[in-house]
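Worksheet: one structure, shown below.
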Amino acid sequence: MPEFVLILFTVVAWVLMLIGCVFVIAGGVGLIRLPDLYTRLHAAGVTDTGSTIFMLLAMLLMTVVEYQNPWIAGKLLLILFFTLFTTPTASHALAKTALLSGLVPVDENGKPIIESPEMASKLALSRAPEHGEVAIAPGVNDGLQKSDGRGNENNDKSEGS
Amino acid sequence: MDVIGLYNYWIVIVLMMAGLYILIARYNLIKKMIGLSVFQTSIFYLYITIGKVEGGTAPILVDDPHVVYSNPLPHVLILTAIVVGVATTAVALALTVRIYEAYGTIEEDEIRAANAEEQDI
Amino acid sequence: MSIEHLTIAVLLTFLVATAIGIIVLRDLLAAVILTGLYSLVAAGAFIVMDAVDVAFTEAAVGSGISTILFLGALSFTQHEQKPRGRDSWLALLFVVITGGLLIFGTLDMPRYGSATSPAQTHPELAKRFIEQSADEVGPPNVVTSVLASYRGYDTLGETVVVFTAGIAVMGLLGLKRRRPEDETPEHAPGDLPHEPGHDTDRLT
Amino acid sequence: MFVAAALALLATMILTIARALLGPTLYDRLLAVNSFGTKIVLFIAVFGFLTGRPEFLDIALVYSLINFIGTVAVLKFYEYDDLGSGAYQEDDF
(Lines give C-alpha, C1' and ligand atoms only; values in the text may rest on other atoms or scores of the structure.)
Protein backbone atom coordinates (compact mmCIF):
# COMPACT_ATOMS: atom_id res chain seq x y z
CA MET A 1 0.00 0.00 0.00
CA PRO A 2 1.36 3.47 -0.82
CA GLU A 3 2.88 5.51 1.97
CA PHE A 4 0.39 8.36 2.03
CA VAL A 5 -2.56 5.98 2.42
CA LEU A 6 -0.99 4.54 5.56
CA ILE A 7 -0.38 7.99 6.98
CA LEU A 8 -3.94 8.98 6.17
CA PHE A 9 -5.22 5.85 7.89
CA THR A 10 -3.16 6.60 10.98
CA VAL A 11 -4.45 10.15 11.17
CA VAL A 12 -8.04 9.01 10.76
CA ALA A 13 -7.47 6.35 13.42
CA TRP A 14 -6.17 9.01 15.80
CA VAL A 15 -9.24 11.16 15.24
CA LEU A 16 -11.61 8.22 15.71
CA MET A 17 -9.82 7.11 18.85
CA LEU A 18 -10.00 10.61 20.32
CA ILE A 19 -13.73 10.79 19.60
CA GLY A 20 -14.08 7.40 21.28
CA CYS A 21 -12.14 8.62 24.33
CA VAL A 22 -14.39 11.69 24.61
CA PHE A 23 -17.47 9.45 24.47
CA VAL A 24 -16.06 7.08 27.05
CA ILE A 25 -15.30 9.84 29.53
CA ALA A 26 -18.60 11.61 28.89
CA GLY A 27 -20.45 8.37 29.56
CA GLY A 28 -18.50 7.74 32.75
CA VAL A 29 -19.17 11.22 34.09
CA GLY A 30 -22.81 10.90 33.14
CA LEU A 31 -23.06 7.61 34.98
CA ILE A 32 -22.01 9.40 38.16
CA ARG A 33 -23.77 12.73 37.82
CA LEU A 34 -27.18 11.97 36.34
CA PRO A 35 -30.03 11.79 38.84
CA ASP A 36 -31.84 8.49 38.31
CA LEU A 37 -31.58 5.10 36.65
CA TYR A 38 -33.37 5.97 33.42
CA THR A 39 -31.13 8.93 32.71
CA ARG A 40 -28.05 6.94 33.63
CA LEU A 41 -29.06 4.39 31.03
CA HIS A 42 -28.44 7.05 28.39
CA ALA A 43 -24.98 7.74 29.74
CA ALA A 44 -24.17 4.04 29.72
CA GLY A 45 -25.52 3.82 26.17
CA VAL A 46 -23.08 6.50 25.04
CA THR A 47 -20.11 4.42 26.15
CA ASP A 48 -21.59 1.09 25.21
CA THR A 49 -22.36 1.88 21.61
CA GLY A 50 -20.84 5.23 20.62
CA SER A 51 -17.36 4.76 21.96
CA THR A 52 -17.28 1.08 21.01
CA ILE A 53 -17.95 1.93 17.38
CA PHE A 54 -15.32 4.66 17.22
CA MET A 55 -12.61 2.85 19.16
CA LEU A 56 -13.01 -0.42 17.32
CA LEU A 57 -12.99 1.37 13.96
CA ALA A 58 -9.77 3.12 14.97
CA MET A 59 -8.28 -0.23 15.92
CA LEU A 60 -9.43 -1.67 12.61
CA LEU A 61 -7.56 1.05 10.74
CA MET A 62 -4.47 0.45 12.86
CA THR A 63 -4.71 -3.25 12.04
CA VAL A 64 -4.61 -2.37 8.35
CA VAL A 65 -1.61 -0.10 8.93
CA GLU A 66 0.43 -2.28 11.28
CA TYR A 67 -0.46 -5.94 11.03
CA GLN A 68 -2.33 -6.57 7.74
CA ASN A 69 -3.81 -9.64 9.39
CA PRO A 70 -7.35 -10.50 8.29
CA TRP A 71 -7.95 -12.57 11.44
CA ILE A 72 -7.48 -9.61 13.73
CA ALA A 73 -9.77 -7.47 11.61
CA GLY A 74 -12.36 -10.22 11.60
CA LYS A 75 -12.27 -10.53 15.38
CA LEU A 76 -12.62 -6.78 15.77
CA LEU A 77 -15.64 -6.79 13.49
CA LEU A 78 -17.16 -9.67 15.45
CA ILE A 79 -16.69 -7.80 18.73
CA LEU A 80 -18.34 -4.75 17.17
CA PHE A 81 -21.19 -6.87 15.87
CA PHE A 82 -21.88 -8.60 19.17
CA THR A 83 -21.54 -5.44 21.24
CA LEU A 84 -23.95 -3.58 19.01
CA PHE A 85 -26.47 -6.37 19.42
CA THR A 86 -26.08 -7.25 23.05
CA THR A 87 -25.68 -3.96 24.92
CA PRO A 88 -28.87 -2.28 23.66
CA THR A 89 -30.75 -5.49 24.39
CA ALA A 90 -29.38 -5.57 27.93
CA SER A 91 -30.22 -1.88 28.44
CA HIS A 92 -33.75 -2.46 27.19
CA ALA A 93 -34.23 -5.43 29.49
CA LEU A 94 -32.82 -3.44 32.40
CA ALA A 95 -35.16 -0.49 31.83
CA LYS A 96 -38.15 -2.71 31.36
CA THR A 97 -37.45 -4.76 34.49
CA ALA A 98 -36.82 -1.63 36.54
CA LEU A 99 -40.13 -0.18 35.41
CA LEU A 100 -41.85 -3.49 36.09
CA SER A 101 -40.49 -3.56 39.62
CA GLY A 102 -42.01 -0.13 40.22
CA LEU A 103 -39.00 2.16 40.00
CA VAL A 104 -40.60 5.49 39.13
CA PRO A 105 -38.73 7.85 36.79
CA VAL A 106 -38.38 11.42 38.05
CA ASP A 107 -38.07 14.74 36.20
CA GLU A 108 -35.34 17.33 36.66
CA ASN A 109 -36.80 18.61 39.93
CA GLY A 110 -36.93 15.17 41.47
CA LYS A 111 -40.73 15.02 41.01
CA PRO A 112 -42.01 11.58 40.00
CA ILE A 113 -43.37 11.46 36.45
CA ILE A 114 -45.51 8.40 36.96
CA GLU A 115 -47.80 8.61 39.95
CA SER A 116 -47.21 5.36 41.75
CA PRO A 117 -45.02 2.25 41.52
CA GLU A 118 -48.09 0.21 40.56
CA MET A 119 -48.65 2.51 37.59
CA ALA A 120 -45.05 1.99 36.53
CA SER A 121 -45.38 -1.78 36.54
CA LYS A 122 -48.64 -1.56 34.63
CA LEU A 123 -46.91 0.64 32.09
CA ALA A 124 -44.12 -1.89 31.74
CA LEU A 125 -46.57 -4.71 31.13
CA SER A 126 -48.52 -2.77 28.52
CA ARG A 127 -47.81 -3.03 24.84
CA ALA A 128 -46.06 -0.10 23.18
CA PRO A 129 -48.70 2.08 21.46
CA GLU A 130 -49.07 1.99 17.70
CA HIS A 131 -48.64 5.20 15.72
CA GLY A 132 -51.43 7.64 16.45
CA GLU A 133 -52.78 5.46 19.21
CA VAL A 134 -53.01 7.12 22.58
CA ALA A 135 -54.25 4.37 24.84
CA ILE A 136 -51.59 2.26 26.45
CA ALA A 137 -53.64 -0.05 28.57
CA PRO A 138 -57.00 0.30 30.21
CA GLY A 139 -56.58 1.97 33.53
CA VAL A 140 -53.09 3.25 32.89
CA ASN A 141 -54.32 5.93 30.56
CA ASP A 142 -56.11 7.94 33.24
CA GLY A 143 -53.02 8.23 35.33
CA LEU A 144 -50.97 9.30 32.38
CA GLN A 145 -53.28 12.05 31.27
CA LYS A 146 -53.07 13.66 34.66
CA SER A 147 -49.35 14.05 34.21
CA ASP A 148 -49.84 15.66 30.75
CA GLY A 149 -48.87 12.58 28.82
CA ARG A 150 -45.30 12.82 29.94
CA GLY A 151 -45.37 9.27 31.18
CA ASN A 152 -46.09 8.15 27.68
CA GLU A 153 -43.07 10.01 26.36
CA ASN A 154 -40.97 8.51 29.07
CA ASN A 155 -42.11 5.05 28.15
CA ASP A 156 -40.68 5.48 24.67
CA LYS A 157 -37.49 6.86 26.06
CA SER A 158 -36.82 4.11 28.52
CA GLU A 159 -37.53 1.42 26.00
CA GLY A 160 -35.48 2.97 23.26
CA SER A 161 -32.36 3.70 25.23
CA MET B 1 10.76 -0.56 50.58
CA ASP B 2 9.81 -1.46 47.06
CA VAL B 3 6.18 -0.47 46.72
CA ILE B 4 5.66 -1.42 43.06
CA GLY B 5 7.38 -4.76 43.51
CA LEU B 6 5.31 -5.75 46.52
CA TYR B 7 1.99 -4.03 45.82
CA ASN B 8 0.50 -7.16 44.26
CA TYR B 9 1.26 -9.26 47.32
CA TRP B 10 -0.22 -6.68 49.64
CA ILE B 11 -3.41 -6.49 47.64
CA VAL B 12 -3.63 -10.28 47.61
CA ILE B 13 -3.35 -10.29 51.38
CA VAL B 14 -5.97 -7.56 51.77
CA LEU B 15 -8.34 -9.56 49.57
CA MET B 16 -7.62 -12.76 51.48
CA MET B 17 -8.39 -11.01 54.73
CA ALA B 18 -11.58 -9.54 53.27
CA GLY B 19 -12.73 -13.05 52.36
CA LEU B 20 -11.71 -14.37 55.75
CA TYR B 21 -13.57 -11.57 57.52
CA ILE B 22 -16.76 -12.40 55.61
CA LEU B 23 -16.33 -16.06 56.57
CA ILE B 24 -15.91 -15.24 60.25
CA ALA B 25 -18.24 -12.33 60.84
CA ARG B 26 -21.22 -13.04 58.60
CA TYR B 27 -23.79 -15.62 59.61
CA ASN B 28 -25.54 -16.05 56.30
CA LEU B 29 -24.34 -19.21 54.56
CA ILE B 30 -24.58 -17.81 51.03
CA LYS B 31 -22.64 -14.76 52.13
CA LYS B 32 -20.01 -17.10 53.50
CA MET B 33 -19.77 -18.77 50.09
CA ILE B 34 -19.25 -15.38 48.49
CA GLY B 35 -16.46 -14.73 50.97
CA LEU B 36 -14.93 -18.06 50.09
CA SER B 37 -14.92 -17.19 46.39
CA VAL B 38 -13.31 -13.82 47.15
CA PHE B 39 -10.60 -15.66 49.08
CA GLN B 40 -10.18 -18.13 46.23
CA THR B 41 -9.68 -15.47 43.60
CA SER B 42 -7.03 -13.78 45.70
CA ILE B 43 -5.08 -17.03 45.80
CA PHE B 44 -5.32 -17.30 42.02
CA TYR B 45 -3.94 -13.80 41.90
CA LEU B 46 -0.95 -14.73 44.08
CA TYR B 47 0.01 -17.55 41.73
CA ILE B 48 -0.31 -15.46 38.59
CA THR B 49 1.82 -12.75 40.22
CA ILE B 50 4.56 -15.28 40.86
CA GLY B 51 4.43 -16.46 37.27
CA LYS B 52 4.77 -13.04 35.67
CA VAL B 53 8.14 -12.07 34.18
CA GLU B 54 8.89 -8.40 33.58
CA GLY B 55 8.84 -7.64 29.87
CA GLY B 56 7.51 -11.09 29.17
CA THR B 57 4.55 -12.03 27.05
CA ALA B 58 1.86 -14.70 27.27
CA PRO B 59 3.26 -18.23 26.93
CA ILE B 60 2.00 -18.77 23.41
CA LEU B 61 5.03 -19.50 21.26
CA VAL B 62 5.95 -17.15 18.42
CA ASP B 63 8.73 -17.50 15.85
CA ASP B 64 10.96 -14.80 17.29
CA PRO B 65 13.56 -16.54 19.52
CA HIS B 66 14.30 -13.45 21.64
CA VAL B 67 10.84 -13.19 23.13
CA VAL B 68 10.63 -13.70 26.90
CA TYR B 69 7.65 -15.72 28.09
CA SER B 70 5.96 -15.65 31.45
CA ASN B 71 6.00 -18.84 33.47
CA PRO B 72 3.22 -21.13 32.19
CA LEU B 73 3.20 -23.47 35.18
CA PRO B 74 1.20 -21.29 37.61
CA HIS B 75 -1.33 -20.72 34.84
CA VAL B 76 -1.86 -24.46 34.51
CA LEU B 77 -2.26 -24.95 38.24
CA ILE B 78 -4.75 -22.12 38.48
CA LEU B 79 -6.77 -23.36 35.52
CA THR B 80 -7.31 -26.58 37.43
CA ALA B 81 -8.02 -24.68 40.64
CA ILE B 82 -10.70 -22.49 39.05
CA VAL B 83 -12.63 -25.47 37.74
CA VAL B 84 -12.35 -27.38 41.00
CA GLY B 85 -13.34 -24.21 42.85
CA VAL B 86 -16.59 -23.84 40.97
CA ALA B 87 -17.35 -27.52 41.56
CA THR B 88 -16.95 -27.07 45.32
CA THR B 89 -19.05 -23.91 45.16
CA ALA B 90 -21.83 -25.88 43.47
CA VAL B 91 -21.74 -28.59 46.15
CA ALA B 92 -21.73 -26.02 48.95
CA LEU B 93 -24.67 -24.16 47.47
CA ALA B 94 -26.57 -27.42 47.10
CA LEU B 95 -25.89 -28.09 50.79
CA THR B 96 -27.17 -24.62 51.59
CA VAL B 97 -30.39 -25.31 49.71
CA ARG B 98 -30.82 -28.57 51.65
CA ILE B 99 -30.17 -26.76 54.93
CA TYR B 100 -32.80 -24.22 54.00
CA GLU B 101 -35.27 -26.98 53.29
CA ALA B 102 -34.51 -28.69 56.61
CA TYR B 103 -34.34 -25.65 58.88
CA GLY B 104 -36.20 -22.93 57.02
CA THR B 105 -33.29 -20.55 57.41
CA ILE B 106 -29.74 -20.09 56.21
CA GLU B 107 -28.53 -18.04 59.15
CA GLU B 108 -25.91 -19.87 61.14
CA ASP B 109 -27.07 -18.70 64.60
CA GLU B 110 -30.69 -19.66 63.94
CA ILE B 111 -29.58 -23.11 62.80
CA ARG B 112 -27.55 -23.49 66.00
CA ALA B 113 -30.50 -22.41 68.09
CA ALA B 114 -32.74 -24.91 66.31
CA ASN B 115 -30.23 -27.67 66.95
CA ALA B 116 -29.92 -26.79 70.64
CA GLU B 117 -33.68 -26.78 70.99
CA GLU B 118 -33.88 -30.21 69.43
CA GLN B 119 -31.33 -31.59 71.87
CA ASP B 120 -33.15 -30.18 74.87
CA ILE B 121 -36.29 -32.04 73.89
CA MET C 1 6.12 3.36 36.02
CA SER C 2 4.88 1.94 32.79
CA ILE C 3 1.29 1.70 31.62
CA GLU C 4 1.24 -1.97 32.58
CA HIS C 5 2.16 -1.23 36.17
CA LEU C 6 -0.39 1.55 36.30
CA THR C 7 -3.08 -0.73 34.89
CA ILE C 8 -2.36 -3.48 37.36
CA ALA C 9 -2.32 -1.05 40.27
CA VAL C 10 -5.65 0.46 39.23
CA LEU C 11 -7.30 -2.91 38.62
CA LEU C 12 -6.08 -4.23 41.96
CA THR C 13 -7.47 -1.18 43.70
CA PHE C 14 -10.79 -1.93 41.99
CA LEU C 15 -10.62 -5.43 43.41
CA VAL C 16 -10.15 -4.11 46.93
CA ALA C 17 -12.98 -1.60 46.52
CA THR C 18 -15.29 -4.33 45.25
CA ALA C 19 -14.32 -6.66 48.11
CA ILE C 20 -15.08 -3.95 50.65
CA GLY C 21 -18.39 -3.36 48.91
CA ILE C 22 -19.17 -7.07 49.23
CA ILE C 23 -18.41 -6.95 52.93
CA VAL C 24 -20.50 -3.88 53.60
CA LEU C 25 -23.57 -4.70 51.51
CA ARG C 26 -26.30 -6.51 53.40
CA ASP C 27 -28.39 -7.33 50.36
CA LEU C 28 -27.39 -10.73 49.03
CA LEU C 29 -28.37 -10.02 45.42
CA ALA C 30 -26.22 -6.90 45.32
CA ALA C 31 -23.37 -8.92 46.83
CA VAL C 32 -23.75 -11.56 44.11
CA ILE C 33 -23.72 -8.91 41.40
CA LEU C 34 -20.59 -7.40 42.90
CA THR C 35 -19.00 -10.87 42.99
CA GLY C 36 -19.53 -11.10 39.24
CA LEU C 37 -17.89 -7.70 38.88
CA TYR C 38 -15.03 -8.86 41.09
CA SER C 39 -14.38 -11.85 38.86
CA LEU C 40 -14.53 -9.69 35.76
CA VAL C 41 -11.97 -7.25 37.15
CA ALA C 42 -9.75 -10.13 38.25
CA ALA C 43 -9.95 -11.62 34.77
CA GLY C 44 -8.96 -8.28 33.26
CA ALA C 45 -5.97 -8.13 35.57
CA PHE C 46 -4.98 -11.68 34.60
CA ILE C 47 -4.77 -10.58 30.97
CA VAL C 48 -2.46 -7.73 31.86
CA MET C 49 -0.32 -10.25 33.74
CA ASP C 50 0.00 -12.49 30.65
CA ALA C 51 -2.24 -15.27 31.93
CA VAL C 52 -4.61 -15.31 28.98
CA ASP C 53 -5.87 -18.85 29.51
CA VAL C 54 -6.62 -18.17 33.15
CA ALA C 55 -8.42 -14.97 32.23
CA PHE C 56 -10.52 -16.87 29.72
CA THR C 57 -11.53 -19.50 32.25
CA GLU C 58 -12.05 -17.03 35.06
CA ALA C 59 -14.36 -14.92 32.92
CA ALA C 60 -16.40 -17.92 31.80
CA VAL C 61 -16.46 -19.81 35.10
CA GLY C 62 -16.01 -17.16 37.78
CA SER C 63 -18.05 -14.40 36.25
CA GLY C 64 -20.54 -16.48 34.30
CA ILE C 65 -21.26 -19.84 35.88
CA SER C 66 -20.57 -18.91 39.51
CA THR C 67 -22.96 -15.95 39.33
CA ILE C 68 -25.66 -18.14 37.87
CA LEU C 69 -25.07 -20.81 40.51
CA PHE C 70 -25.40 -18.20 43.25
CA LEU C 71 -28.57 -16.86 41.67
CA GLY C 72 -29.96 -20.37 41.48
CA ALA C 73 -29.22 -20.96 45.15
CA LEU C 74 -30.79 -17.61 46.04
CA SER C 75 -33.93 -18.47 44.13
CA PHE C 76 -34.29 -21.65 46.22
CA THR C 77 -33.73 -19.82 49.50
CA GLN C 78 -34.78 -16.45 50.88
CA HIS C 79 -33.30 -14.00 48.44
CA GLU C 80 -34.58 -10.74 49.82
CA GLN C 81 -33.24 -11.22 53.30
CA LYS C 82 -30.30 -9.42 54.74
CA PRO C 83 -27.38 -11.19 56.37
CA ARG C 84 -27.42 -10.24 60.02
CA GLY C 85 -23.85 -11.06 61.08
CA ARG C 86 -22.40 -8.62 63.56
CA ASP C 87 -19.39 -6.48 62.77
CA SER C 88 -17.42 -8.34 65.35
CA TRP C 89 -14.41 -6.49 66.73
CA LEU C 90 -12.77 -9.78 67.64
CA ALA C 91 -13.02 -11.00 64.04
CA LEU C 92 -11.65 -7.70 62.76
CA LEU C 93 -8.75 -7.85 65.21
CA PHE C 94 -7.93 -11.42 64.19
CA VAL C 95 -8.08 -10.54 60.51
CA VAL C 96 -5.92 -7.44 60.91
CA ILE C 97 -3.27 -9.31 62.92
CA THR C 98 -3.16 -12.18 60.43
CA GLY C 99 -2.95 -9.74 57.55
CA GLY C 100 -0.18 -7.79 59.24
CA LEU C 101 1.86 -10.93 59.79
CA LEU C 102 1.37 -12.00 56.18
CA ILE C 103 2.38 -8.56 54.91
CA PHE C 104 5.48 -8.79 57.06
CA GLY C 105 6.13 -12.12 55.38
CA THR C 106 5.89 -10.65 51.88
CA LEU C 107 8.92 -8.43 52.46
CA ASP C 108 11.12 -11.41 51.59
CA MET C 109 9.15 -12.45 48.52
CA PRO C 110 10.72 -12.05 45.07
CA ARG C 111 9.67 -8.73 43.58
CA TYR C 112 6.86 -8.56 41.03
CA GLY C 113 8.11 -9.55 37.57
CA SER C 114 11.49 -10.66 38.81
CA ALA C 115 13.16 -12.95 36.26
CA THR C 116 15.51 -14.46 38.83
CA SER C 117 12.96 -15.74 41.31
CA PRO C 118 13.06 -19.47 42.14
CA ALA C 119 9.87 -20.04 40.20
CA GLN C 120 11.49 -18.75 37.04
CA THR C 121 14.97 -20.24 37.36
CA HIS C 122 14.17 -23.82 38.26
CA PRO C 123 15.85 -25.57 35.33
CA GLU C 124 13.52 -28.48 34.86
CA LEU C 125 10.16 -26.76 34.92
CA ALA C 126 9.13 -23.60 33.14
CA LYS C 127 12.24 -23.29 31.02
CA ARG C 128 12.03 -26.83 29.76
CA PHE C 129 8.30 -26.53 29.07
CA ILE C 130 8.79 -23.39 27.05
CA GLU C 131 11.79 -24.67 25.12
CA GLN C 132 10.73 -28.19 24.31
CA SER C 133 6.93 -28.38 24.43
CA ALA C 134 6.63 -27.34 20.79
CA ASP C 135 8.73 -30.36 19.72
CA GLU C 136 7.43 -32.82 22.25
CA VAL C 137 3.72 -32.05 22.21
CA GLY C 138 2.95 -29.69 19.37
CA PRO C 139 0.59 -26.82 20.04
CA PRO C 140 2.12 -23.33 20.30
CA ASN C 141 0.24 -22.65 23.54
CA VAL C 142 2.51 -23.93 26.30
CA VAL C 143 -0.32 -23.96 28.81
CA THR C 144 -2.24 -26.37 26.61
CA SER C 145 0.75 -28.67 26.29
CA VAL C 146 1.37 -28.77 30.02
CA LEU C 147 -2.27 -29.20 30.88
CA ALA C 148 -3.04 -31.94 28.40
CA SER C 149 0.23 -33.79 28.24
CA TYR C 150 2.78 -33.20 30.99
CA ARG C 151 0.14 -32.91 33.68
CA GLY C 152 -2.48 -35.02 31.96
CA TYR C 153 -3.28 -37.08 35.04
CA ASP C 154 -3.89 -33.90 36.97
CA THR C 155 -6.46 -32.86 34.40
CA LEU C 156 -8.04 -36.30 34.58
CA GLY C 157 -8.30 -35.89 38.35
CA GLU C 158 -9.89 -32.50 37.85
CA THR C 159 -12.49 -34.05 35.58
CA VAL C 160 -13.17 -36.68 38.23
CA VAL C 161 -13.64 -33.94 40.81
CA VAL C 162 -16.13 -32.13 38.62
CA PHE C 163 -17.98 -35.39 37.95
CA THR C 164 -18.08 -36.19 41.65
CA ALA C 165 -19.36 -32.71 42.40
CA GLY C 166 -22.12 -33.16 39.84
CA ILE C 167 -23.13 -36.46 41.43
CA ALA C 168 -23.00 -34.90 44.91
CA VAL C 169 -25.24 -32.04 43.85
CA MET C 170 -27.70 -34.45 42.28
CA GLY C 171 -27.63 -36.60 45.40
CA LEU C 172 -28.23 -33.61 47.64
CA LEU C 173 -30.97 -31.97 45.69
CA GLY C 174 -32.51 -35.06 44.17
CA LEU C 175 -34.33 -35.13 40.90
CA LYS C 176 -37.73 -34.30 42.35
CA ARG C 177 -39.37 -31.00 41.65
CA ARG C 178 -38.43 -28.29 44.10
CA ARG C 179 -41.34 -26.06 43.36
CA PRO C 180 -44.34 -26.48 41.10
CA GLU C 181 -42.80 -24.42 38.32
CA ASP C 182 -39.29 -25.80 38.59
CA GLU C 183 -37.86 -29.04 37.48
CA THR C 184 -34.51 -30.74 38.24
CA PRO C 185 -31.92 -28.97 40.39
CA GLU C 186 -30.33 -26.01 38.73
CA HIS C 187 -26.85 -26.86 39.86
CA ALA C 188 -26.38 -30.17 38.17
CA PRO C 189 -26.78 -28.83 34.63
CA GLY C 190 -24.98 -25.68 35.71
CA ASP C 191 -21.71 -27.21 36.69
CA LEU C 192 -21.29 -29.75 33.94
CA PRO C 193 -21.30 -27.46 30.90
CA HIS C 194 -18.25 -25.55 31.99
CA GLU C 195 -16.17 -28.49 30.84
CA PRO C 196 -16.64 -27.67 27.14
CA GLY C 197 -15.82 -24.05 27.86
CA HIS C 198 -12.68 -25.20 29.52
CA ASP C 199 -11.72 -27.31 26.54
CA THR C 200 -12.07 -24.53 24.03
CA ASP C 201 -9.88 -22.50 26.30
CA ARG C 202 -7.11 -25.00 25.97
CA LEU C 203 -7.25 -24.78 22.21
CA THR C 204 -6.54 -21.06 22.07
CA MET D 1 -2.81 6.66 20.76
CA PHE D 2 -3.46 3.40 22.56
CA VAL D 3 -1.95 4.73 25.76
CA ALA D 4 -4.40 7.63 25.70
CA ALA D 5 -7.30 5.29 25.06
CA ALA D 6 -6.18 2.97 27.87
CA LEU D 7 -5.94 5.88 30.29
CA ALA D 8 -9.38 7.17 29.30
CA LEU D 9 -10.85 3.72 29.79
CA LEU D 10 -9.19 3.32 33.18
CA ALA D 11 -10.50 6.70 34.31
CA THR D 12 -14.00 5.76 33.23
CA MET D 13 -13.72 2.39 34.93
CA ILE D 14 -13.10 4.22 38.21
CA LEU D 15 -16.34 6.17 37.76
CA THR D 16 -18.23 3.02 36.81
CA ILE D 17 -16.99 1.10 39.85
CA ALA D 18 -18.00 4.06 42.00
CA ARG D 19 -21.52 3.80 40.60
CA ALA D 20 -21.56 0.05 41.19
CA LEU D 21 -20.61 0.59 44.82
CA LEU D 22 -22.83 3.62 45.45
CA GLY D 23 -25.80 2.79 43.25
CA PRO D 24 -28.92 3.26 45.36
CA THR D 25 -30.92 0.55 43.59
CA LEU D 26 -29.86 -2.87 42.40
CA TYR D 27 -30.53 -1.80 38.82
CA ASP D 28 -27.91 0.91 39.12
CA ARG D 29 -25.37 -1.67 40.19
CA LEU D 30 -26.39 -3.95 37.37
CA LEU D 31 -26.14 -1.13 34.85
CA ALA D 32 -22.68 -0.25 36.16
CA VAL D 33 -21.54 -3.87 35.95
CA ASN D 34 -22.83 -4.19 32.42
CA SER D 35 -21.16 -0.95 31.40
CA PHE D 36 -17.96 -2.03 33.11
CA GLY D 37 -18.01 -5.22 31.06
CA THR D 38 -18.13 -3.23 27.82
CA LYS D 39 -15.28 -1.07 29.02
CA ILE D 40 -13.14 -4.03 29.93
CA VAL D 41 -13.76 -5.51 26.48
CA LEU D 42 -12.51 -2.29 24.92
CA PHE D 43 -9.62 -2.20 27.34
CA ILE D 44 -8.49 -5.72 26.46
CA ALA D 45 -8.61 -4.85 22.77
CA VAL D 46 -6.63 -1.65 23.34
CA PHE D 47 -4.16 -3.44 25.57
CA GLY D 48 -3.59 -6.11 22.94
CA PHE D 49 -2.55 -3.44 20.47
CA LEU D 50 -0.51 -1.69 23.14
CA THR D 51 1.61 -4.76 23.84
CA GLY D 52 1.83 -5.73 20.20
CA ARG D 53 0.01 -9.04 20.49
CA PRO D 54 -3.53 -8.47 19.27
CA GLU D 55 -4.22 -12.21 19.06
CA PHE D 56 -5.96 -12.01 22.40
CA LEU D 57 -8.97 -10.30 20.92
CA ASP D 58 -10.98 -13.51 21.11
CA ILE D 59 -10.92 -13.13 24.89
CA ALA D 60 -12.54 -9.74 24.49
CA LEU D 61 -15.13 -11.42 22.29
CA VAL D 62 -15.92 -13.98 24.97
CA TYR D 63 -16.16 -11.25 27.59
CA SER D 64 -18.71 -9.30 25.63
CA LEU D 65 -20.90 -12.40 25.33
CA ILE D 66 -20.54 -13.44 28.99
CA ASN D 67 -21.32 -9.93 30.10
CA PHE D 68 -24.61 -10.03 28.24
CA ILE D 69 -25.48 -13.45 29.61
CA GLY D 70 -24.81 -12.38 33.18
CA THR D 71 -26.99 -9.28 32.90
CA VAL D 72 -29.86 -11.15 31.30
CA ALA D 73 -29.64 -13.94 33.89
CA VAL D 74 -29.89 -11.48 36.77
CA LEU D 75 -32.77 -9.63 35.14
CA LYS D 76 -34.63 -12.86 34.49
CA PHE D 77 -34.14 -13.70 38.15
CA TYR D 78 -35.76 -10.41 39.13
CA GLU D 79 -38.58 -10.61 36.70
CA TYR D 80 -39.73 -14.16 37.39
CA ASP D 81 -38.36 -14.52 40.91
CA ASP D 82 -36.19 -17.39 39.80
CA LEU D 83 -34.24 -18.40 36.77
CA GLY D 84 -37.23 -20.06 35.14
CA SER D 85 -37.71 -23.71 34.47
CA GLY D 86 -34.48 -24.58 32.79
CA ALA D 87 -34.77 -21.79 30.25
CA TYR D 88 -31.61 -20.17 31.53
CA GLN D 89 -29.55 -23.03 30.19
CA GLU D 90 -30.26 -21.95 26.66
CA ASP D 91 -29.34 -18.38 27.49
CA ASP D 92 -26.20 -19.45 29.16
CA PHE D 93 -24.60 -21.92 26.92
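The first chain written gets the first letter, and so on, giving A, B, C and D; residue counts start at 1 in each chain.
Methods note: contacts are C-beta pairs under 8 Å (C-beta built on N, C-alpha and C of every residue); 3 or more make two chains touch, one makes a residue touch a chain.
Here the structure is a predicted model, which is why all the values come from computation and not from measurement.
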Most centrally placed chain - per-chain CA mean versus overall CA mean: D
Whole-Å gap between the CA centroids of subunit A and subunit D: 15
Rounded Å distance between subunit A and subunit B, as computed from the means of their C-alpha atoms: 35
CA centroid of subunit B to CA centroid of subunit D, Å: 21
Mean-CA-position distance for subunit C and subunit B (Å): 6
Subunit B residues counted as touching two or more neighbouring chains: 57-58, 60
Where subunit D touches two or more other chains, by residue: 13-14, 30, 32, 51, 55-56, 58, 67
Chain-to-chain touches, reported pairwise for every pair that qualifies: A-D, B-C, B-D, C-D
Residue numbers on subunit C that touch subunit B, as the complex places them: 1, 5, 8-9, 12-13, 15-16, 19-20, 22-23, 28, 31-32, 35, 38-39, 42, 45-46, 49-54, 57-58, 61-62, 65-66, 69-70, 72-74, 76-78, 81, 83-88, 91-92, 94-96, 98-99, 102-103, 106-107, 109-115, 117, 119-120, 125-126, 129-130, 133-134, 140-143, 146-147, 151, 154-155, 158, 161-162, 164-166, 168-169, 172-173, 185, 187, 190-191, 194-195, 198, 201, 204
Contact set on subunit A toward subunit D in their complex: 13-14, 17-18, 20-21, 24-25, 27-29, 31-32, 37, 40-41, 44, 47-48, 51-52, 55-56, 58-59, 62-63, 67, 69, 72, 75-76, 78-79, 82-83, 86-87, 89-91, 93-94, 97-98, 100-101, 103
Subunit B-touching residues of subunit D, taken from the complex the two chains share: 51, 53, 55-56
Interfacial residue positions of subunit B with respect to subunit C in the complex: 1-2, 4-11, 13-22, 24-28, 30-31, 33-35, 37-38, 41, 44-45, 48-62, 68-76, 78-80, 82-84, 86-91, 93-98, 100, 105-107, 109
Subunit C-touching residues of subunit D, taken from the complex the two chains share: 3, 6-7, 10, 13-14, 17, 20-21, 26, 29-30, 32-33, 36-37, 40, 43-44, 47, 50-51, 56, 58-59, 62-63, 66-67, 69-70, 73-74, 77, 81-83, 85-86, 88-89, 92-93
